[in-house]
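In order of appearance the chains are A, B, C and D, and numbering begins at 1 in each one.
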Amino acid sequence: MRLSPTDWRNLTLSALALAFVACLPWLVGNYGLSIGVTIVMYTVLATSWALFSGPTHYISLATAAFFGVGTYVTGIGIEYLPYWTLLPLAGVIGAVLAALVGLATLRLSGVYFVIFTLGLAEFIRQVITWGQNVSGAKGIYVLTSITEAHIYWQLLGLAALVYLLGWAIGRSRLGFALRIIGDDEQVARHSGIHTARAKILLFLVPGSVAAITGAILAPRYVYIEPSLAFTPMLSFQVVIMALLGGTGRLWGPLVGVIPFTFLWEGISITVPNQTTLLLGVSFLVIVYLLPKGFVGLFGAIRRRMGSEGLV
Amino acid sequence: MDIIVTGLLLGGTYALIAMGLNLQYGMARIMNLANGEMLVAGGFAAFWFWTAAQVSPLLTVFIVAPVAFAANWLIYIVFLRPLVKRARSRGQLEVDSILTTFGLSFVSVGLMLAVFGGDYFSYSYLSFPVHILGDSYGANRVAAFVSAVIICGALWLWLDRSRAGLTIRAIAVAPDSARLVGIDVGKMAALAFALGGAVTATGGALISTFLTLDASTGVMFTLKALIIVIMGGVGDIRGTIIAALALGLLETFVATLIDPGLTLAAAYLLFVVILLVRPQGLFGRRTT
Amino acid sequence: MKRRTFAQIAALALATGFAAVPASAQDTLKVGAVAPKTGPLAGGAAVSYWPNVKLWVETVNARGGLNVDGKQMMLEVIEYDDQTNPGETIKAVQRLVEQDQADIILPPYSTGLNLASAPIYHRYGIPMITSTATTDKADELSAQFPNVFISLGGAQPIALGAVEVLTELRDRGDIGNKVAIVNVADAFGIELANVAKPAFADAGFELVYESSYPLGSQDLSPVMKAVKSADPDAFVAFSYPPDTFALTEQAQIEDLQVGAFYTAVATAFPSYAGRFGESIEGVLGIGGVNADDEAFQTYAARHEEVTGAKPDYWASAMVYSTFEVLEQSIEAVGLDNAAIIEHIKANAFDTVIGTLDFDENNNNPSFWTVGQWQDGVFKGVASTGREGAVDVVVKGPWK
Amino acid sequence: MSAVLSLRGVTKRFGGLVAVNAMDFDVAEHEVLGLIGPNGSGKSTTLNLISGALPVTSGAIALRGSPITQLPAQDIARRGIARTFQLVRLLPSMSVLENVMAGAVFGHRRRWGYEAEAVAQTMLEQVGLAGRGHMAVGQLTYIDTKRVELARVLAGEPRVVLLDEWLAGLNPTELEEGVALIRALRDEGRTIILVEHVMDAIRSLCDRCVVMASGTKIAEGTPAEVLADPEVIRAYLGDDDA
């Protein structure tokens, strides 16, 4: 793989941008930082989600399941293992879980996949609580000295990894295969693409990234219990943000996450009693008015400007 | 014996939960993820009529059903018909309807929170024991089971015998061909969707006599209903009934003989096994 | 919007009933409250938490406001919904401090959300008198977060309270030796069951049935049938709100005849009595209050008058009492958080649940553990040193 | 003459309906085989069985002697059988060049990067679309979409090419171009199975024909032989006229 001058320029710009946002903890107060954590967390989750769901059109609602597993890896593991080993461990466990789910459902139609992933978080939660019940383990405390800024930097690092990975996949045979699958699965198969394998491989990305995210955030929660770790809202919010941005481009989810986070802040502040209602309404607005997200909107504007330029 | 009767009663409950969704997904081709909220709304209505005026939930259903029918008709016309028109393929419609009904489910939870508050609501109705084959069971569960039998039976007869039922089944099997033989597919789909909503709300009113609900519990029921519909085969009434009964029996068996902590896990396992062995569901037609 | 509504109510109350000066901008204190209005814990918060926030602010404003360093300050509430999501709780608390510049911040709701936000309260030095968190790690927590006070007690004493009450009934000869225990397979239920099971065995009880069921089980009749066939003398369920209702109903259907019937969370809810009426006479449950105490009765009456609903007989009064602790401390030392924390550590407070006094671990050592429905009121029968416990009675047949 | 592809007793049932009944035939290296027959006789289904689009009910298919009967479509494609579709299937979000590259990257011979691009360019030249690689597929005329699909198939350098009514729907001028294109492939020595209705094309292109009716092979031989066969005529025109 050779890099063109444009690639080098983009990489340099990205690195500069990353360095700049890494300074956030010194630039804003705690509240600003907590919004920063929220934005980076959803950027990581939504971007990795879109890496899979964008080309395959499978709507995965399993984010909460992987995330919850990740928080438990930290919660349980922190007593036995050094903290830095936990993140890769969470990634591996998330990937294994994703592979199992993928093997079971990705050969089937998209609907089964949606339902399966919708129930997955609930299922894992049941199994974990049952395990706690049998083993007599209590709710888990994660009392560490890790601060919000540490969490922020770890998430930023993960975000950089996700972008690099997405960029690399986009330039690889796998990425090309996925674009073909997204366009026409039958053509893909008859062109010699192992479609199920490609999809399962790709599904490992959101699985392990969400698990690592959960592992990073666990110290922030202090006390981990299944109903908080596996909250289904997380899966839904990731889907909305990714779709709002648009899944066609690597940077699509980011342009969904940032406005959505601020919109959400605004809603929480002004109408704290109706957050669910407004979340639903924003969902509807996206489906009806922005079916291709901001990416699609930009594309349409650019096309229009381009055609005007020609005339 | 005891296990079987308990399991069948639970299965009847599940049939009530899933039947409406089967009509909506199987016939109207809308994967309605706001289905559970319709169920909770039905339960709310029953609760409200009971506490305000001591109206029996068995009578409330005659108010709930037509209101839910009208509400779902409107939902279909306003929100879903534009999607059906816009969709270029079945897959696209599926994705769009999933997202839309997600949104609708949040909106309904929000509305119910605003109207009723976040509190649990429960009341006692027919909570005395009935003796069947030497064991005692809650009268409200038996009543719900009997209602489930009546509703499922009536639906089956209607779909199997009446002209409207025939046309609905026709669009479920082959929407494009149905259009060619002069069936107004849009209208029939709206009818099936509205009917499904009415059945779900009725189920909600009935099960609220023995389950404690609150505004945010809907998604639990949606999930159960989806699993049952997929297991039974999309668009097949018999399949849904059998899958519901099988699930009820399985959960009761596991709860009684193995460990009540594993009931939901077992239900999920059954779902996965059926998906792997027969992806089209127990009674579904294999699509080629 | 919400804030303005409260301010309007306060202003209206002043203008009509109490001839005090109308609130002006500099005379108000901003009170921040973060708790679930949606999500899995919204149901509990709607019963025990939010009504008390409303009641407390109205009560304080109705008597002319809070006396801060000799100046009467009216209260104005800023409410945030954390959607039962710890991340949102953290963010909302930070928002209250940094954006809204709230003067007083109330503790959040539930064990998990309280603990998740404890580091944030700690960093800002805000006193956090939790009223809905149960933990057995109070000493560790207070070592790491000295600003945190625990008032609701831990799982251990609560479970042991149940054992103690049953032991008393047995030793009086009211019930036999066989006990059946079930629990919901979720954090709190598991913790309670794990403490209670060995304790029952140590007390000489025979465990004739034990089992757990998942949160959200739709049918508990297999559980109750199994309990019934084990023929226990006492039934103990460490349950959550939906299953507390379901288990009670199933017990009535199965006609489970036991001398002691115990269910956990929600037994003390008014809606429990609302649903089952007189049939729950003698039912034991988690929590309890000194129901005959005048302070509580006044509180209950005010609660119903202001919020339109009755308080529950466990957490409601506890939540309110922690607000009172904060109120009295502020009036004593002003708005200096460090001084407030010291004041809370050093003093005992007279509240609606009686005297509240935190020990050296910032823990409230005396709290109600078991209550019982007697004559339509859920009265405390066991506690770790509270006054006003009534004698436990043996439960008769279901009515 | 060794058989590149051979079918033995290949049968496909849809429930009670036998769509393809015990088909036996061989395709030799460098041969153009026409698979013909009236509508609904099972030609396209046979093609779908060979390419793995449908599972075979019974019988055996072998490519150069090794069985491919139960393989999934992608493995069959990888082993060197590539196909076009009855209704042209292009990848709508991709450029013409990328469409062709799909074949070059994942087909029988697998390439990547500049090499794949170069192969795709060559194939575009071969089908007469040189210099149009940057276009969106939506901008193409009907025959050009067919050319792109053909180029995608050829880019993987398959051993056997299956063309499913590739000439259908073309106007007379386009038809001439299309026939010339396939003839050029034939002259290159490609092995091709052609499902076709256009009789003139069959006569001029095919070395040999297999005729199907109601799922069964009723004749086999050179185009001239089979088209003179009374049974074939009866199958095309119906029993009444015979």
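Going forward, a contact is a pair of C-beta atoms (placed from the backbone, for glycine too) under 8 Å apart; a residue touches a chain by one contact, two chains touch by 3 or more.
All values reported here derive from a predicted model rather than from experimental measurement.
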Report task. Would you mind pulling out the distance in Å between where the CA atoms of chain A average out and where those of chain C do? Result -> 37
Query raised in the report: Taking each chain's centre as the mean position of its Cα atoms, how many Å separate chain C from chain D?
Result: 75
Query raised in the report: How big is the gap, in whole Å, between where the Cα atoms of chain B centre and where those of chain D centre?
Result: 48
Query - Contacts with 2+ other chains: residues of chain A - result: 126, 129-130, 133, 273, 275-276
Query raised in the report: By residue number and range, which residues of chain B touch two or more other chains?
Result: 109-110, 113, 259, 261-262, 264
Query raised in the report: Touch graph of the chains shown: is it line, ring, star, complete or other?
Result: other
Requested in this report: Could you list each pair of chains that touch one another?
Outcome: A-B, A-C, A-D, B-C
**Report entry** Contact footprint of chain C on chain B as seen in their complex
**Finding:** 2-3, 6, 9-10, 13, 109-110, 113, 117-124, 127-129, 135-139, 141, 210-217, 220, 224, 248, 251-252, 255-256, 259-264
Requested in this report: Show which residues of chain B lie in contact with chain A when the two form their complex.
Outcome: 31, 79, 82-83, 91, 94-96, 98-100, 102-111, 113-114, 219, 223, 226-227, 230, 259, 261-262, 264-265, 268, 271-272, 275-276, 279
Query raised in the report: Can you name the residues of chain C that touch chain A in the complex?
Result: 1-2, 37-41, 79-81, 83-88, 90-92, 94-95, 97-99, 111-113, 115-116, 118-120, 123, 136-137, 140, 144, 183, 185-188, 190-191, 193-194, 212, 214-215
Query raised in the report: Which of the residues in chain C end up touching chain B in this complex?
Result: 36-40, 42-43, 45-47, 182, 185, 211-214, 216-219, 221-223, 225-226, 241-242, 245-246, 249-250, 252-255, 266, 269, 271, 274-277
Query raised in the report: Once bound in the complex, which stretches of chain A touch chain C?
Result: 29-32, 34-35, 37-38, 41, 126, 129-130, 132-133, 136-139, 141, 143, 217, 220-228, 231, 233-234, 265, 268-273, 275-276
